């Protein structure tokens, strides 16, 4: 029982990270109908930015962990936002009217570019970092196992919830959020009504990137080691989460992320670790075949 | 569109671009993490960032200048267009002649490169059937490549069958996989189909990696037999039963390389011939109609599922044949050769070539694979340049190198159709 | 004595909470032109989509009398089987041509099922087996016949996407006829046509109904807003409003029906200018 609880806690924590990345996918797909292949790599860049920021802050003498984290979060989100803006401007905007495959190839190119950009700049070796948090709270003990929740996990959950709260406020209560939702419904009409669609789309990418950077920071804290390749796999899983939750639905993305995190953790615990990525990919295939509109999405009726 | 900016505005624009560059490059390039005594330390590299920002500044200025001098939409000078047109007519026979006679004057290195390029040409032509003709976004083509390679390797290892026996079997197995994988997913559209096929490609790679008892996992399968010429092997022994022994000449490694070259050339030309034939037949027309408008196809009584499946299966078959060749050429295969990067590369070749154009795909393969080999010395920068090249290609020429379509049948004179009118398929 | 060809019985179509078609019943006779009219949103295209297999009806039946006796239940057949087996062809509200293929190629694709009855045949043809050449010649002949009928022979090798709008509409009908249907369903064929083109279309549709040049006659089911065309050529009119049938009979009876006039309130009788043409591309 305690073992199950532990997996549940682990899965939930992992799921929060996936959820943050998934939001970026679902927002971009909702607004311009393309899968941003490079989004997973923005997450990876965010992780590296966080690593550099943390080392830098430690080097200049900031020892308070909460302060360092807060500064790092803002820093990584800002710079990653810049990356998101740049990627959209360079690789997607010129192709916006173009045919379907062009932005896809461009996105794949961007993904490869980002991965290798980081690899060349920072070296190919994986980068470890000493854990910032220690300690945990035992929750439940039974005959074989004691379930803990570590302070790290608590930090991940709290940070995610806070970020999500800010983000939800942004999307529902601000003019920007309204503009985003309008563009998502009907881009041409939104433009006709005077919404600056270019700017709205850019900001969508920026926000998505910022959230992915937060996920990167959390990933760094949680796992303690990053390399330039984490973006690809995490990206596909996060996209699976977005599809599972219903593409275009923001709460769906978070829900999907939690689901994927839980499934992956339980699969690793009870079946096999080697095949854990297969589990995520298989879910993607199954969801797309049987439930393409996901859990919370709208079914598309084809207009003939 | 007249430039609204003028010189001052251009400087400001370039300046802002440089600022963005500082933001983007500043942290990741400017502060390198290196191993320190106890943990990672940061190594500042301000000059690298400054140079990068400077390059961006100048580049942006140049781009704005170019746009002011020649606004987008100005047609290319007529001389160039005519030149391109007449060159096109000669390109195919010239290339074919060049390919056929290459071993006569090329050294070992170039011959090897030729074999590599031809493998990708064949893969490109195979994927072209799926993506270019039928308009199905397949991001997992490497799966069929892997099935072909591993089928041959395992059949040869466990049943002692030779290359020529296994070749059609590999194609058949790959085609079966194509049908199995395609059947549940072919009603998905566009990007969804792309991501599902990507997932399939990855699943197959991970399964190969982990199913050690069957595939030997990450260690791969070695000792895969080479192809024979009517029973003559190309071993270095030189005795009876070998190529050298039969013709009474000194055994030389280049003989085997030349043989492999002609094998892949033959396979590639077979792929090309089948594609061209199918394109003129109802099946090929149905594929192109599917790409144009699937709903209209259904209304005309065409079974869309079967049509998509045949495209998928035939494309998969050629991928499998190429995979079998790959296995025999290397004599060793491992899951590392069958990553998503391969699928992406082949897809990039097809898109760069210009969807559906055989010549375009061949040229694109030469450019991309040949180009990537040229950059091999730059090792770590190679993939960086590759990624950048993909983005650049799409921005500059999204329709590909050869972006015209020749109708398969005509009452009068068949005239080229410009790519602007073509649909690209929603999957 | 008119024999029923298409028998729609208690057809219902619901999308979630919205009932688009409510217990619709009507009969279209063989060898006649039946028009389905009604204000915008009445459910006309939805009826078409049910008949041609693009939607699966929520309930009700659609029966088609096939030549040689027998009846096919269309409500349970997938779209491509309806076109292929039941020989029901259709055109679309927003013209759906294969824009990147030539006019001639469009007409040949329509004859796909004749040219390639199954996959094996299709693959054997690669090697020159299977009597394919003869079938292709026959298909070209049929294509030439219909090119002539719609006056597009001169443009046979042009990409369909470059044709003017009126020509595209004609091509779509010719393409549908190349499938040799027994029932042709036309979704607003006169939309966007000027009065002269509408006249030519009316004549063309009458020729299709009566058969000409060796081609047998073909029954027509027609959705249309242009009352001039409807009144000129229809043998039988069914009027829908909000998914329900409100009138059913010959043109004269429908024209005078007070329910119909009330439904079209504000648009008057058929002498008024036709409803504003829809934007073709949508």
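Going in written order, the chains are labelled A, B and C, and every chain counts its residues from 1.
Everything below uses one rule, namely that a contact is a pair of C-beta atoms (placed from the backbone, for glycine too) under 8 Å apart; a residue touches a chain by one contact, two chains touch by 3 or more.
Just so we're clear, the structure is a prediction, and the values are computed from it rather than from any experiment.
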Chain whose Cα centroid lies nearest the overall Cα centroid: B
Longest centre-to-centre distance from subunit C, chain (CA-based): A
Top chain pair, ranked by number of contacting C-beta pairs: A-B
Geometric centre distance via CA averages, subunit C-subunit B, whole Å: 43
Distance between the centres, which are taken as Cα means, of subunit C and subunit A, whole angstrom: 49
Where subunit A and subunit B are represented by their mean Cα positions, the distance between them in whole Å: 30
Subunit A: positions in contact with at least two other chains: 302, 304
Residues of subunit C touching at least two other chains: 54, 92
Residue numbers of subunit B (touch at least two other chains): 295, 423
Of all residues in subunit B, those that touch subunit C in their complex: 274, 277-278, 281-283, 285-286, 288-289, 292-293, 295-304, 306, 310, 405, 407-415, 417, 421-423
Contacting residues of subunit B [partner subunit A, same complex]: 20, 23-24, 27-29, 31-34, 39-42, 131, 137, 184-185, 188, 190-192, 194-196, 198-200, 202-203, 206-207, 209-210, 295, 340-341, 344, 347-348, 351, 355, 380-381, 383-384, 386-395, 398-399, 423-426
Interfacial residue positions of subunit A with respect to subunit B in the complex: 29, 33-35, 45, 48-49, 51-53, 55-56, 59, 79, 82-83, 85-86, 90-91, 94-95, 98-106, 108-124, 127-130, 232, 236, 239, 243, 272, 274-275, 277-278, 281-282, 284-285, 288-289, 292, 302, 304
List of subunit C residues in touch with subunit B within their complex: 52-54, 79-81, 83-84, 89-90, 92, 96-102, 104-105, 108-110, 112-113, 115-116, 119, 122-123, 125-126, 132, 140, 144, 153, 156-159, 161-162, 175-176, 179
